[in-house]
């Protein structure tokens, strides 16, 4: 076995949400050990957070630059760093780490603008360091299987792609209460030009392209803010035209009372269809033209190697959000190990979303915001 | 008890689908007896069809005009006539019957153009005869209850309305096989300017307005034809702006493999939400802000009089499509009886969609087709 | 077409439940006309009930004997009579009607004792008149299909049969309030020795044997009464041994808060399994050994003629309780027409439960009560 | 923060299933580090397995005794050992570890006989070392919440408890193929007197008692073997009498085609009911008498501290089998830390099943086997 990778973390101190998720994901398959952190812009909180995580005191850093500089002087420096800050800090941290030759795992969305995204794409192309973007829903085994079924032609020509992502945690002005997650997600300075669309719409967009293997050509979008005083969109709907001729719709909302984290994808082709819901991730409904619907189940009969690769438990033992997230960490570890060992990585590990997915996401946000400002006129992703 | 109403039928001969549905609906609550018919344009088929239905030979007619003329001479003429032909025949038959003072039950959509629709609206306003349009999904008790909950303010301000209607029976070129239902529904001469949008999109539109009590102000629509050689749309998507500020989406498709008759409505307000699916019509999911979702069940505790009025069986004894359809027949019988008895009808009976719903439907089709022809530009329903 | 059958009804006056169900079932396919009734033991209520049903005054009778005598003198007497009274009146009415040569449709359970049941079986064997018992759940198309699949060997050897029927309407002492349905169902004088077991346990038992085509050999049963003061069982559980070696369990309850009418059947064989729930009757879950579960849907692809025979609507247009009930009426009409026309009936019509099902039901109740009184000792159905 | 606990493992080498589950569970919350192992009776496999797990070579042991002896000589010996072998090895290993003062986490069922179980209970009572039994389904937050609701009286008097656990992986003679999991589970020498009943029936039994807080007083059981040549039961059904008067049924099966890991619990009381299914573990259906059913969701509104204690993610982000399993590890770590720190443990950590649950499980198996051998006569758990 390869040694565990040495992991650093930027952001994710006490009170954060996604940092803890990254840590559990990193731990699950025992491919990483967290040994360094710049966990908070508040030094005291940073130290306290690190102590809870068994990070040695001399590897608690004030900033990403501090981490890069001082880790470089160590015999066993970090191999890879996870960036789990609010969005506005992704760009600079990613760029600095890549330039230092450190592999990067970055939370989504990639950054604030298409320009930044293209700049990062350029950096990745130039450097040795690898880059992963945690569009974590791509780690679900049934999503991997769905993508493989599309590739195998089981659906025929793709005609219709319906994707939606509905939540309700911002149905009221939660940000006014000072709640940390709500505050930065509704603040243009920290979130970027998109609110709901950046936070969850990008996940929906990414998943639709990942599974359907079709590229969105243009969008006709309407971004709406329902909660009074909010500065970013909390509901976004759009129609989609795909390059291959398919049509679709994307809807994301954070004000839909009664919806927790309802990401759903439905793809209809000339020969078959697939339907999947993130809240019941172990099942995939598949219907062949003229046949009864089948419920494909994780680890079940007749799934292929793509699903098996991302499966840890037998059927009926539910896997969930953490396991899908961990799949990206596991696959990325394989990519890094392959680089370190100067070998070709296991092909199955290459499905981790990378810089290209990040750029696509920024194109998506940019086009959607532009379309919405232009009375929902069709706007190309270019 | 009032006597049974004497019912005539236009269309609905052997091989038709919706005619048989109307007859079972009319029979269920014993408020009608079918005694006259112009069931087919083919005289032999018309007679054979009538014989199967126990219609006396001398009340088998060649046409609607024939029926009107000869029934007028009878001691006990038809009270009401159901029009169950393809769409292109609705207008003339409705107009002639109304002018003859005969009440009309017409299948949807109302007619071929907004001009025709407005003309019929004018006729209804001028005449004594009543008019019902069988947007049958409004007859489901949980839909009646949903509408009542919105009226009672249980949802607060309506923010988002998502409605969809997905089928798969036209996923292939069924019309090329000569199948009767497919042939006329894909023929502009008989269906009008809309295919899928007229056949099922109008149901979705009607249901959304019926339950939400919000009017669609404008649509940005894209009508698509996926099956080669087809002359009308088989998939239609659009975004909706409502007069009261709500936003929404409407999607209807007849090419979505694996979907039978999946009409679904979801309404999200500032205080609560409702979700309903036609294929599980006895349930309504209701969530109050900050509370767990509830599954309201037909005939269940705490439903109000609107649902009770449309309920025939205790909870857990599924009612379905026929019962919802029959509800319109039962309610319309009460309206007719009230006219005959010169009294005010039971208020609960007035929910049957009438000419206004027919006009709204034609405005919807007209605006959608226009928007689609104009690259999905926002188009008002006016 | 054959003429409509002339139908009489015993019981089912105002305030009754199952009488109205029988009437809608009889009406749905237009094979019957209700023309005579002894609807209530209270003459005034009987007349008022008949008037609402458009029954002529001179065909309102005081009793079954009265009906038999006076109908016999008519040119066009009743062909068939439906018995929809409380259980204790089934036996005498059935016997009298059969002896008068009148076909009988009787609600379940058949009667009060195995002796009565065997006596009626003897009567049916001796007479020309036909007998139907409305175990209505056998009329669902997916149940017909399930039975056909078992017959075709799709499940292999039957191993396990789990059937349950859970309601909650007797979770409190409803009978103490004078509610009519609750009063007679909890009264040994009118219901017989079984409460819950007779009212709904027999349905579960009948359905299990109907679909599995296996006979229960013996039961180990425990009948319990949870609501204080109640005189009959309101919860009954038992283990089943089938003649062919299968094992199973049957549970019925009327005190399970939150359950409406949850009749569910699951059958597991060596090659496949079937699962069905009455509250979602349009679906049947089928799994072949080693394959993903399929959702077979009413009117869907690859169903056989047995289901088609019992289907009125295309897929996705829910059929429910009334339609299943009506199927028994339609099939029984075919049986009667065949007798009247001295021909062989359509084979598909012969699935209506008859006297044998009634006798099996009484054996079941008798054995279960005996087992329960004997500390749940295994007791044969003999 | 307390230091990570030093964990040893007995069993769980390459090819095992449950060992890997324990390891992920131990890792998830970062409270343990695996540093010693006697992973296989085959020394070579033991060493290879340890290497994959980053266990140092000098802490790879040949047996539990070897581990105890040599760890005792270390400065930093194991704090706690997980036993994940086939059942027949649990007893001796547990006893030896407890006597050495090492805390034990043991997979279920506890051992082979009631005598062994009582002996272990005696050992636990005498020693300082703590004992945990991984009835992992008790770790689900919605199960913790269900138990709390029962305690709070939300269900009133418990009347009916229905529990079932259905799988299909032994529907054929898998053991004949040499499959490792199947082989030992169907071998009386390694599994004990119960097959299906020991493997999954005990989980069902444990969960029913855990949530309902009612003790099973006696069982009337029938154990059946359907697959030819199999030496232990593969299907088991029984009726239950609870000490408090409730009735119930328990069914477990490993031959039910189409069922993956379908553990389901339903509890009905005089005031309310609860229903839960392991394959959708994030939801709990709750119905109050006379009110509509509610879907309580993990992390959702109005759940109490018991659920919050076992929750890592916001609503709609599915947690699953690993997270529930990890909850036992996390809670047991708190118990051990409290002992080490000579303080009272957090009360919420005390729900981990311990030796008492192990003894109850052995009483359950013993009584069930005895009842089945006695023609399903009622047999007390004593």
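We call the chains A, B, C and D, going by the order they appear; numbering starts again at 1 in every chain.
Note that in this section a residue touches a chain if its C-beta (ideal position, glycine included) is under 8 Å from a C-beta of that chain, and two chains touch if they have at least 3 such contacts.
Quick caveat, the model's predicted, so the values are computed rather than measured.
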Numbering shared by both copies at the chain C-chain B contact, with half separating same from different: same
Per Cα centroids, the chain farthest from chain D: B
Selected from C-D, B-C or B-D, interface repeating A-C by over half of its contact pairs: B-D
Separation of mean Cα positions, chain D and chain B [Å, integer]: 55
Chain centre separation in whole Å, for chain D relative to chain A (CA means): 34
Chain A and chain B: spacing of chain centres that average the CA atoms, whole Å: 44
Chain A, residues touching no fewer than two other chains: 259, 286, 293, 297, 300
Chain A residues touching chain B - in the complex, by the definition given at the top: 159-160, 162, 164, 168, 171-172, 220, 222, 224, 226, 235, 237-239, 241, 247-249, 251, 253, 255-259, 266, 268-273, 275, 285-289, 293, 375-378
Residue numbers on chain C that touch chain B, as the complex places them: 1, 3-4, 17, 20-21, 23-24, 27-30, 51-54, 167, 169, 259-262, 278-282, 297, 300, 312-323
Contact set on chain C toward chain A in their complex: 286, 290-297, 300-302
